[in-house]
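As structure tokens, here come the structures.
Below, subunit A partners subunit B and then partners subunit C, in two separate complexes.
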Partner chain A sequence: MSKHHHHDVPKDSYEIPTSTWEKGRNIIVAVFILGWVAALAGYSLDHKQFFPSYLVAFFFGAGIAIGAALFTMIQHLTGSAWSVPLRRLMENIMMSMPILALLFLPVAFGLHELYEWSHPGIMKTDALLAKKEAYLNPTAFYIRAVVYFVIWSFWAWRLSSWSRAQDTSKDLNLTFKSERISAPGMLLFFLSASLASVDWVMSLQPHWYSTIFGVYCLAGGMWAFFAILTFTLLRFRANGILANSVTVEHYHDMGKWMFALTVFWAYIAFSQYMLIWYANLPEETSFFMVRRSGTWETVSGILLFGHFAATFLFLLARASKRNLNVLRFVTVWILCMHYIDVYWLVMPNFSKAGVAPHWMDAACFVAVMSTLALGFWWRLKSAPIVAVGDPRLEKGLEFQNV
Partner chain B sequence: MADLAFDPKAVEQLSPPLVTGQPSLHDVTEAVSIHTEIETHRNWYIALAISGSVTLLLGSMLAYLIATGIGVWGNNNPVGWGWDITNFVFWIGIGHAGTLISAILFLFRQKWRTSINRFAEAMTLFAVACAGIYPLVHVGRPWRAYWLFPIPNADLAMWQNFRSPLLWDVFAVSTYATVSALFWYVGLIPDIAIIRDRAKTQLRHTIYGIASLGWRGSATHWKNYEKAYMILAGLSTPLVLSVHTIVSFDFAVSIIPGWHTTIFPPYFVAGAIFSGFAMVITLMVIARWVFKVEHLVTMTHLENMNKVILATGTIVGYAYATEFFIAWYSGNEYERFTFINRAMGPYAWAYWSMVSCNVISPQFFWFKKLRTNIPFMFVLSIFVNIGMWFERFVIIATSLHRDFLPSSWGYFRPTIVDILTFFGTFGLFITLFVFFTRFLPIIAVSEVKGMMIQTEHEKHYLPATTTGSTEPVKAH
Partner chain C sequence: MAEHSSIHGVVADFDSPDTLLDAVRAARAKGYTKMEAYTPFPIHGIDEAMGAKQSILGYIVLCGSATGLTTAILLQWWTGSIAYPLVISGKPLFAFEFGFPIMFELTVLLSAFAAVFGMLGLNGLPRLNHPIFNYSGVAGSSDDRFLLVIEASDKKFDANETKDFLATLGAEKLEVIEA
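Now for the complex of A and B:
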């Protein structure tokens, strides 16, 4: 914090060396081709398996992008300084939005495979579903998806492009404009992402409902966003990128956020489970009945002990949040747990008998995530990887936990 | 960045000053301590006389109730919970802002919390005291209230029902009250020591000396103090969420439409913070003027609190909308009926009062002009408190008054005892405040001073302005 320290620290270049960038690009492109070849092969072999596997991968990626957008907006609203050195990377993750709109096409295309309520004629035979027809019908589903992606992409683009414009202009007004747009952005993201969770995942089991479901999905997505951001930064650090700008102090703070969201997710998950268990109404317990029978019960146990208890213990101590090796492990752990969580939300609707992992789960995951990674990687080249024009950057670089 | 020079006004906006008028550190001590040291003002006695009389009214209402029975309240069949539980939840909700400001904003390094945390924490304790009265007398025989605790007893051949959220409430609220009191007191210790050191009489020196627990302000003391403060902040954080979560369980574990919904826990917590912040605004607007601390509790503080009110009010609106949407989406006709009945049934007046006060009124805070307008925020904060009272009333009364069987439908009307008891709790709340403002520093002096020094250090990270640096903080 004191004045004389901050001139001694060697400065980072704020860009990725071309050779490293090209190496990364080659790997991602190779994985991308491999992933899509496998996913498309899977689709032609067994499209009944493809769509659920794809939905899991898509929802995993979408949650992370929404988490990135929400956190970026929170940083603008609170005038945060500590996170400024990381913000450009958050913006690059958030800019997955337009790509996700494209990645949504297979979900839209597989509507009838995925969503029971979309079957023609079902509204005539199922009296309960008939009551929901005004919401659960293909036209409304498509229109809503378009609205979500327009909102998400617009806000992501607006914040990201202002931030990039500030790199050269150093215009303080862009800081204030970003702050102003973030407040309505939070509101719109919260509403649209909650409805998207209902549309894309909750309606897989169209008789079931839970008011907290949107918050549950948002909590998990934001958690995974921190993990992927921290993991990316640690990989950068291993390659000497941003090694002096993003210090253990910043990692400590990201560790705190992951810890907080571990607990928040558990709080939301517990609230949902406990209230449904306690009231014991058949139309609500149906969700947990499947997930508490057969091998799905084991997966539920993994979420309880792995998603919550173990992560809680990993991150509780100050020392572990400041130990980069521990953090690297925890970020991978969190991403695995979040995948299991999304899998646990989607898959029991398609294999009620028990867990049935399939190679297509992996293929779709690789395809979707490598597509997003590609977009992320290209954006690293088109602007500095740190928001160099932000007036709070220097304060953020010098930040220390006291 | 150094080659660019910015408009100082814009740079100031990046990190608005949390203390205005550039007082020295000593000026701050003076401004905060003086009201505990001057001769008691006539107005203080007047305030105490008024609030004390209202407290006596509360006492007499409770005595009447205990002597007569719960029947003096308007609770009936089917509305078995009436104003009593409404008021309990109302007060307990108000008690959430203090710990949120002290603990959660502390963990989030929000420096602006330092000027308001003491005051808000005191408010928390007093609100919890008011809240505690209701379940205590609602048990019917308050002299048996210790049966709520799992202590071995000869006169009661039964054990507490650990499956009941009402019992969880006992633990949640008492834990919250204990930890909040501890947190508040730990924060007070260095400030009580300041008053001790400034004491002009031996008696005063002795009393504040005992209360400051031998604080000497050595480096070791500060080190332990900061550690204790951090631990208490960490412990209080889950408590902020747990208390209102458990309160929401009182309703949500049931199968009553309108009560049983999974979003209740976070929705109740958001609502509690919302009402708590509104109450802080109501009281702070008056207190900063009465005690002349406008330079310490600045417009920046008030504006930030108003932003929190806007955010939490909007979260509450999100919860209302989700509940309504899912009630429709569920296709369950009882769920649908309950919500239509709320909006259009006999309690529609209460429902729409709630929506106007809680969801619509905070939206005015989107405008900077309005959220920095003191009379406006004062009125709006009262609206929010009215709205949050109505929220609990709506939840309780509308879900109960129309049972599954139309033959057992009813309507709740408060009695005069209900009304006077509720009015009386305000007397208790204000009386406790009147004492607090007389004897203890209402602003955390040492924290504000620490914050002033830290802010001064951080100034050189901001972009250079056209006018050069501002004056540093003056020492003693």
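Now for the complex of A and C:
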């Protein structure tokens, strides 16, 4: 409809200019080398510090990839048009899955450093833990991790490769096939990612349990995924990439998603806190006892006011969701808050006395995230950066919020 | 104004969204400000073309939510710790931990009320009739016709002149409608 509004809009190239791509690659490779040298030096200096620091970084990256996969599948299931111009980038983030399987190796290797339950002696003598041994034992932990990564990588690969095949074939059947596998995919991802949160983070404190913990982690991961996607697009825009294809209308919608997930995360976080506070059972309150004492209480406060309240106010107005400068700030803010959130989940198990930031936290973060960034950057070169064969692309490009 | 008191405006009937949009822009360029479009589906860009301002509904909703939040805090604090203080399962007389669900629900409830009733109020609803129904071809606006009405309340409005002007924009049918 009303085509004449758009015919004068210049078309974007759906390829990244080689010089820009090479510049980006050189920066990422340099950071990658720096990060891994620092992380490995850290490991050899103090492996007690290395494993928790690494787990925080790994879980941060995994949450984003899972968020990308879930959102891509939601787009297929709902037949969404607005998100089609962004979908290739989501797929490229989602394809972190096989790399994450490799990045999981240090966690698997550090099992005994990280997880109290991995020591059979403790499991036998502690009455509560003895009952959990059928689930919490190294063999089951490794098997489950393999199953998670097989599911995640397979779904990510199918959706991504069908989308790329459609670039040239324009085959409508690929759209229907993507829709079909997204339905079981949603169920499997939700279940497996919940269990992965339980395995990798919740079991750090093996006496404690919370049935909503998986959803809490998924909400945060998806939130960070939107922040990183929006931030990437804004950086692209600053370099003239997709500057006409991804308009303020698309940014507005991503702002709505970030806002919705800000509230969703808070809803889940509060539900977990309130039920534990009200029941007041020692088995359950242990999680919040350590996080409400000493300097950890300050971190809890930062999450309440920074993760939720401030982000809520930043994104509440329509005008701020349509202001790209506000969005750029908010995306960086969200990524910082999500890191603090993951840190707050993991670290109190290792430094109960209080917050103890370490340079290895930064080193591991840089190592893990630059590895994922490298994979993302390579995939930008191997296919157009927009799903050019998607039947809804034209509609998605012209999308406007009414 | 007085001589037009029984006239609602002049309606111009177009056959496509594009001609309607062009007509809206031309009418704005001519200096008309009080106009309304009637179309079978939303048309992108027509709000900007008509110079429609962002609705104040959001602020009404914000007032509703602030009222809900305040009410919930005061209600729970006053009933629990002033009017009828009673310790239940060793919990404080008032705490945000247990008060928050009610705070959330009342905030949402009054926001929703403010949104629905505010929208009705801003739209002048409910009302039994609207002058646009005096136009003989009004049914087309929910099928395949695109109507533009320049209203008599416009400072530049003059039934004959406005009608002549709209005739130059490609309207297929023109009619002065009674208020």
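Note that in this section the second predicted complex is superposed on the first by the 400 of 402 C-alpha atoms of A that agree within 3 Å, B and C clash if a C-alpha of one lies under 4 Å from a C-alpha of the other, contacts with A are read in each partner's own complex, and residues count from 1 in each chain.
Here is the rule we go by: contacts are C-beta pairs under 8 Å (C-beta built on N, C-alpha and C of every residue); 3 or more make two chains touch, one makes a residue touch a chain.
Here the structure is a predicted model, which is why all the values come from computation and not from measurement.
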Report task. With everything superposed onto subunit A, say whether subunit B and subunit C fit together or clash. Result -> clash
Requested in this report: With the two complexes superposed on chain A, say which partner A:Y278 touches: subunit B (first), subunit C (second), both, or neither.
Outcome: both
Query raised in the report: Is A:F329 touching the first partner subunit B, the second partner subunit C, both, or neither of them?
Result: neither
**Report entry** Contacts of A:R318 with subunit B and subunit C, given as first, second, both or neither
**Finding:** second
Report task. Name the contact category of A:Q400: first (subunit B only), second (subunit C only), both, or neither. Result -> second
Report summary line: The answer to whether subunit B or subunit C touches more of subunit A is B
**Report entry** Touching partner for A:L191 - first (subunit B), second (subunit C), both, neither
**Finding:** first
Requested in this report: Could you say whether A:W359 touches subunit B, subunit C, both of them, or neither, answering first, second, both or neither?
Outcome: neither
Report task. Using the superposition on chain A described above, determine whether A:K170 touches subunit B (first), subunit C (second), both, or neither. Result -> first
Query raised in the report: Which subunit A residues contact subunit B in one complex and subunit C in the other?
Result: 1-2, 274, 278, 280, 398
Report summary line: The answer for subunit A against subunit B in the complex is residues 1-3, 78-79, 81, 128-129, 131-132, 135, 170, 172-173, 175-176, 183, 186-187, 190-191, 194, 198, 207, 209-215, 256, 263, 267-268, 271-272, 274-276, 278-281, 283, 391-395, 398
**Report entry** subunit A-touching residues of subunit B, taken from the complex the two chains share
**Finding:** 1, 4, 6-7, 10-11, 13-15, 107-108, 110, 238, 241, 245, 249, 252-255, 260-266, 311, 314, 318-319, 321-323, 326, 329-332, 366, 457-458, 460-463
Requested in this report: Could you pull out which subunit C residues touch subunit A in their complex?
Outcome: 17-18, 21, 42-45, 54, 58, 90-91, 97-98, 100-101
Report summary line: As the complex stands, subunit A meets subunit C at residues 1-2, 4-5, 270, 273-274, 277-278, 280, 317-318, 398, 400, 402
